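Paired with subunit B in one complex and with subunit C in the other, subunit A is shared by the two complexes that follow.
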Partner chain A sequence: MQASRARLFKEYKEVQREKTADPDIQLVCDDTNIFKWTALIKGPSETPYEGGVFQLAFAVPEQYPLQPPQVRFLTKIFHPNVHFKTGEICLDILKNAWSPAWTLQSVCRAIIALMAHPEPDSPLNCDSGNLLRSGDLRGYQSMARMYTRLAAMPKKG
Partner chain B sequence: MDSEDDMHDANDVDSLDDFYSGDTGMASDDGDGDYEFIDNDTDDSDDSTSHRQQQNYTILNEEDIRQRQEEDITKISTVLSIPRVSASILLRHYNWSVSKVHDAWFADEEKVRKAVGLLERPIVQIPNIKELTCGICFEAYPRDRMYAAACGHPFCGTCWTGYVSTAINDGPGCLMLRCPDPSCGAAVGQDMINILSCEEDKQKYSRYLLRSYIEDNRKTKWCPAPGCDFAVDFVVGSASYDVSCNCTHSFCWNCTEEAHRPVDCSTVAKWILKNSAESENMNWILANSKPCPKCKRPIEKNQGCMHITCTPPCKFEFCWLCLGAWSDHGERTGGFYACNRYETAKQEGAYDETEKRREMAKNSLERYTHYYERWATNQSSRQKAVTDLQQMQNVHIEKLSDKQCQPESQLKFITEAWLQIIECRRVLKWTYAYGYYLPEHEHAKRQFFEYLQGRAESGLERLHQCAEKELQVYLNAEGPSKDFNDFRTKLAGLTRGRCLVLHL
Partner chain C sequence: MNDESSSSSSNDFNPCPICLGHFKQEAFLDRCFHKFCYSCILNWAKYVSTQSSQQNSTLKCPLCKRHNLSIVYGYDGDSFQQHYINQDSPKSNFFSKVHKFRLQSYYREPGAIYEKFNVLQYWKYRRYLLPNKWLQTWLRREVQALTQEEDVDIIVHHILGVIESFVRLSEREHPKSTTEQKREEFKALIADAARPFLIGRTEHFVNEVELFLSSGLNIEAYDEVYLESLCSVTSGVKSEVAEEGSHEQTLNVPYLHFFYEDSDTD
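Here is the complex of A and B:
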């Protein structure tokens, strides 16, 4: 508990110091609980998520960083490795491939990479996974773009 | 009753040996002829041990396992000129096959080192400064409090301990632990574990390492008996899969079900599946109580052999399985022992006895019931015999030795008889699973099988009855009995009869 708090505090100070270091990621610690974080990440360019801003919620366990944080999308997203209803993410580094050397910041970077490179073979969103696996890239892209526009872009006027 | 008869049985069967070659349901055992499990040679050494030595497997205790593992590690470490820890990691990666490690290493050492994470030199040079920052807690510590695997990525002792402990408590995956740095694949071996772990975690790790040597190796398995710590090293490709562990459990090395020779694994798997599907319908068979066919009072079966005598005043002697008079069984009727046959039982209307049985017939379970009942009853008879043998060895042999003034060493024939009973019950039991799946239309085959099964059954009943009931007389006797030697000759003869030379 003490170790995870100390580590999270280090990450917090690093985030404060390097606020502008990575313009695509904005990590915010909860005002009252250092084990709860949110992040805003920008959809990577040249993907159907471009132009969208996606919110992630982090729940950090007491054994952190020996155990990975739990992360899910709060913003709706159409992606083969994200559960459409719960926002749960299927990503190896959040499970068996976790390393305690990862940080919340690097997890965000890995999730951005996943948005750009979906893994249709381990789908949490079967519709999306099937579109990609059957080679219907345009179908996948138009669905993903539609949801980006609906859920991840600031409403105009 | 003469034991001559039983001896002939064995020979008859031997001569009919290749009546069926290329059979369907029975395991073939090329080469090794008779189906026997007790050596008839009057060898004074421990029977079971001397027999096991010519076996195609070796039983290993924990010490043996550790020793073999150490030897393999030494071999690889010497031949490849690498540290023992590295040799252990390599062997684990190649499922403890010395030859595979050897081949892979000399084919492409670079590739193997990369795959397994054995680095020759550090990836990072630790800068020559007083303090280093730990890659996990991000705190700075003096150099001497930092540790690194061969790669050189520094982490503090506390973080390492947490990292290693998390992995160990996650399961056997800790045997393939890598450096915490996500970009680095450097292996973390037992030397690091021993420096960084608490006593409890060290123990767990070495437990996993030992278990891996058995579980990840193609030629070894743990004995499946609950609570048994022995392992079996099996010569892959051997004709027979039967393994008899030092804990007395016999099992099939191939499917790890209890030993089922001469029936093959797929028949056994089918049968076990069938039994679990029908288990609710079959509970009444296991209840172990039936009405006496004569006086209808419920009789409980509390003995091993199938020859039941109703309580006085009825005292009717009948067969537990077919409920027929016992006088119709055995040699007096010319050795025709047919209660193993489903067809005979059906013709005689044995299944119209009770409401329950009629119900079974309606559900077309009748045929299955016939086989299942015989399978299950032999099973429970065997169980009973195992208990009886223990009782015999713990109490009765000594008592008998005193009563009959016979040295215990000369009472070995009793133990041998019980071992034979236990083994024969097992074989007989499985022949009923075989019989159930024997195709209906193969008449000649079925007839021959049922003939053999019948002979085996009748031989076994005589043996079991002799060891169970006739022995009681000598146990309860006041003093030495004159005919004890006759009893010895009879029981030893029945044991030697090898009533179960079932070559199907």
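Here is the complex of A and C:
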């Protein structure tokens, strides 16, 4: 408990200090609870998520960093490894490949990398996975782009 | 490299990858040489070992995933200490509460427990000729507790072999020797077999073997009686002792009966 708090505080200070270091990631800690964080990440370029801003919710366990944080998308996203309804993310480093050397910041980076390189063989979103597995890249991209426009971009006035 | 001329001192700060703070006690993994606080990497190693069902002998580096056998720490210029990844998990796995209890009982004076079982009757009525199906399990636990090693099969096998051959040969070769001689011979044989492994605890161990065999109890029942006798020695509370006393009676008589009548069937 004490260790997780101390470490999260270090991460908080680091985020404050390097606010401009990574323009694609904006990590924000909850005002009252250091175990609750949100992040805004930019969809990587040359992907159907380009131009979108996606919100992530972090729930950090008390055993952190021995245990990984629980992360999910709050913004709807069409991606083979993200559950379409709950936003749950299938990513090995958030499960058994976790290492305490990961930080919330680097987890965000890993999620951005996952957005650019989907793993259709371990799908949480079967429709999306099937499109990719059957070779229908165009179908996947247009669906993903549509949801990016609908959910991750500011509404046009 | 030069000195702190530039303003990059904050960038040079290289924290422990796990706590992100300054290194408290520097420790290195033995293969990849990545550096952590000793307590941080030890905590991680312990956490990993609780998560996996089988025992780990290596730890994946949190930074590079290379497998390491030990954590090197306490380096002071000439010497260092080493924590092996497999060293703490086996004990916590096999060394149960009961092992601890048995080990502790070897540090106590054997007292009241001797009065609970009639050892002389065991020899007089030659009950050692009857097989004891709990002996192997009991011996294994006993030797594990004393040596604090998990794999004691060889020692147990050796001692069992000595006991079995004693039973087999005693009737054939020395049918005329007295009860007391038999008993002495038995204890000497076990002591010889066990001494290389148990050293200073050998005599006590031999007495325990004799006691367990004479009790005719299974392991759980034997432990219970043992625990009770320890309690009655250590605690001077009257009522407890009185309670124990009545217990004792009910324990002693029926169990000896069981042994006679059910030893073959049960």
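The rule is short, and it goes like this: the second predicted complex is superposed on the first by the 157 of 157 C-alpha atoms of A that agree within 3 Å, B and C clash if a C-alpha of one lies under 4 Å from a C-alpha of the other, contacts with A are read in each partner's own complex, and residues count from 1 in each chain.
Definition applied: a residue touches a chain if its C-beta (ideal position, glycine included) is under 8 Å from a C-beta of that chain, and two chains touch if they have at least 3 such contacts.
Keep in mind it's a predicted model, so treat the numbers as computed, not measured.
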| item | value |
| --- | --- |
| Clash-or-fit label for the pair subunit B, subunit C on subunit A | clash |
| First (subunit B), second (subunit C), both or neither touched by A:S122 | neither |
| Touching partner for A:R7 - first (subunit B), second (subunit C), both, neither | both |
| Touching partner for A:I93 - first (subunit B), second (subunit C), both, neither | first |
| Partner chain in contact with A:A101 - subunit B first, subunit C second, else both or neither | both |
| Which superposed partner A:P65 touches (first subunit B, second subunit C, both, neither) | both |
| Steric overlap of subunit B with subunit C in the superposed model, located at which of 148-156, 256-264 or 328-336 | 148-156 |
| Footprint overlap on subunit A, where subunit B in one structure and subunit C in the other make contact | 3, 6-7, 10-11, 63, 65-66, 99-101 |
| Subunit A partner contacts - residues on subunit C that touch it in the complex | 10, 15, 17-21, 40, 43-44, 47, 60, 62-63, 65 |
| For the subunit A and subunit B complex, residues of the former touching the latter | 3, 6-7, 10-11, 63, 65-67, 93, 97, 99-102 |
| Subunit A contact footprint on subunit B (complex, rising order) | 135-139, 158-159, 162-163, 166, 180-182 |
| Footprint of subunit C on subunit A - complex, ascending | 3, 6-7, 10-11, 14, 17, 63, 65-66, 99-101, 103 |
